[in-house]
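Below you'll find a set of structures to go through.
After this come two complexes, each holding chain A, first together with chain B and then together with chain C.
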Partner chain A sequence: MHSFGYRANAVVTFGVAILAVMCAMASLSVNFNSPSPTADVKVLNVNWFQKQPNGNDEVSLTMNISADLSSLFTWNTKQVFVFVAAEYETPQNAFNQGNNLKGKDYNLTLHWHIMPKTGKMFADKLVMTRYSLPEDYK
Partner chain B sequence: MMDWQGQKRAETLMQILLVVFAVAALGIGYTLASFQTMMLIYAGGVVLTALITVPNWPFFNRHHLKWLDPSEAEKHPKPQVNVPTTTKKKSSKNKQ
Partner chain C sequence: MGWIADAFDSLRSLDIRQALTQLVNLGMVVALAVMAWKCLICVTGTESPVVVVLSGSMEPGFQRGDILFLNMGKEPIRAGEIVVFNFNRSEIPIVHRVIELHERQDTREISILTKGDNNDENDRVLYAKGHLWLQKQHIMGRAIGFLPYVGWITIVLTEIPVIKVRHKITRSISYCLCLSMPLFYWINDFRAKYMVVCLCFVISSFICISIRTSTCPRDYGTAAGHSGCHLCTRGSSPSYSEFVGFFSPNGTRN
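Right after this comes the complex of A and B.
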């Protein structure tokens, strides 16, 4: 407090420290309400289902995705990253590797990543089951 | 120029103002669900606090320091200090 520069430095330092506390509290204020989105994915068409030269199968789907993600958006949400992933098992591999997928059952999973304005990023998913690939390549 | 009382006042005022603005900003921002509102209120608060507590306002200089009166100082002269170092050097040269 002895000079102009001393007081200016004190205001800035204390101000920034309080800002850190405010951001922590803002982040905590939304941590405790868990989001509950709903989603419904319909596979409208299997566009193609082919065997690639390197042995893997390739599938192209047209989907109708309707989802209610409004509970993910709080005052501390900067953006939400959403994607749909397909998951399946084969006798050799537990998760998503392999070929010869004729007639295979698979799950479609809706993933979301909530990116906050301050604080921790949360990611979660919703699994939808009982989709099947066609019996033959086309 | 701030006196000691004024410095204490400035520091306390700064701390109180910043905390009050932070609490107000958090409360209003949360109620309005607007992060930007919270930041703007707080930034405005920091600028206002700086304007109030950093410059040498006369309000902070009301309790003047009491310096010793010059006429009183003359009655108690400063003690003289002897310089013994030069005499010591001379005596060592004489010994040679």
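Right after this comes the complex of A and C.
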């Protein structure tokens, strides 16, 4: 009852049990956090708007993105993956793609994905509408 | 080696009926484990609800040795989600993020392009020959939950050359022994010891059935075989076809 084997086993089992409880508590405590992020994206310049050899259009934008995402970070957050996605419709495709995008309206959406230290992964977004591409290629 | 003789003595004094009862109990517990696993497959809608990250192409979010919980869900896949895909059943699945998505107006079919967070290029070299996009049938599931470091057990037991154990049953038994050893010492009652071993077998079968996922960082080799990638060991990818067999959950193909 007091050999090294017994003691080592007791310590390891207890340690693993405590770790499991802590992981569960960490992932559940995220629910108490109510995030309130703000974001604003301005398109400063359309750098180029060309037709590529494979038939698709290519656009290069310069954007000014200001966002306050500090309320998303909790003690269980390892990484917040943030990106801006452009969404648009064409008659052929309900969602994205196209090779005739002159004068197109599109939405810019700021997405963020929260990757936790343990537990459930959350994702949310902020949709900003009413941007449009120029009428001509340049 | 007196303990061997003692073990044999105790075996000989066991009643045959008692031994058979215990064997049947063990069989019932194993069947319960398989049933629970199938239910989990059905509930989550993916063929492998628990996967282990093998390489570092999603760092710093997912490190090697982390466990991911997958779910399929009914919502449409959108850009930014972390998906698990593979092209045919024998390949190791890959966990990467969707960076581009196109959906057709008429058929609602989607085309997906993925990229690992830590990679410089998108995954087109990894797709099967001639494919520029992924389709919905290639997606196995979306990552919804995460547990760090727990997957190292699987990696250690399948990749370290010294204790490399390829066969699933042997791995399962070895996990079971590792897990049950601590509790074995604590509990004095024989029946309780026995139940603990069964419980550990259940847990270990969960762990060893989990499909390992690979996210090849830089050295792609040939797209079909990942032969140049030293971190992917595709030889022993545990295809659970022997378990999934004739049981086909809704919405996923077998």
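One rule holds in what follows: the second predicted complex is superposed on the first by the 134 of 138 C-alpha atoms of A that agree within 3 Å, B and C clash if a C-alpha of one lies under 4 Å from a C-alpha of the other, contacts with A are read in each partner's own complex, and residues count from 1 in each chain.
Keep this in mind: a residue touches a chain if its C-beta (ideal position, glycine included) is under 8 Å from a C-beta of that chain, and two chains touch if they have at least 3 such contacts.
Quick caveat: nothing in here was measured; it's all calculated off a predicted structure.
Partners chain B and chain C, once the complexes are superposed on chain A, both fit on it without clashing. Contacts of A:2 after superposition: chain B is touched, whereas chain C is not reached.
Once the two complexes are laid over each other on the shared chain, residue contacts for A:117 go to chain B and to chain C alike. Taking chain A as the reference, the larger set of touched residues comes from C, when chain B and chain C are compared.
Look at A:10: by the touch rule set out above, it reaches both chain B and chain C.
Look at A:107: by the touch rule set out above, it reaches neither chain B nor chain C. Once chain A of one complex is fitted onto chain A of the other, the partner contacts of A:79 are limited to chain C, with no touch recorded for chain B. By the touch criterion stated above, A:22 is placed in contact with chain B alone, chain C being left untouched.
Rounded to the nearest 10, the superposed model shows the Cα centres of chain B and chain C diverging by 40 degrees about the centre of chain A.
Between chain B and chain C, the smallest C-alpha to C-alpha distance in the superposed model amounts to 9 Å. Touched by chain B in one complex and by chain C in the other are residues 10, 117 of chain A. Note for the complex: chain C touches chain A at residues 60-62, 79-82, 97, 100-105, 108, 111, 117, 143-148, 181-183, 185-186.
Contacts from chain B toward chain A in the complex involve residues 2, 7-8, 10-11, 14-15, 18-19, 22, 25-26, 29-30, 33-35, 38, 42, 46, 49-50, 53-56. On the chain A side of its complex with chain B, the touching residues are 1-2, 4, 7-8, 10-11, 14-15, 18-19, 21-22, 25-26, 29, 74-76, 117.
Looking at the complex, you find that chain A touches chain C at residues 5-6, 9-10, 12-13, 23, 78-79, 81, 83, 85, 90-97, 111, 113, 115-121, 123.
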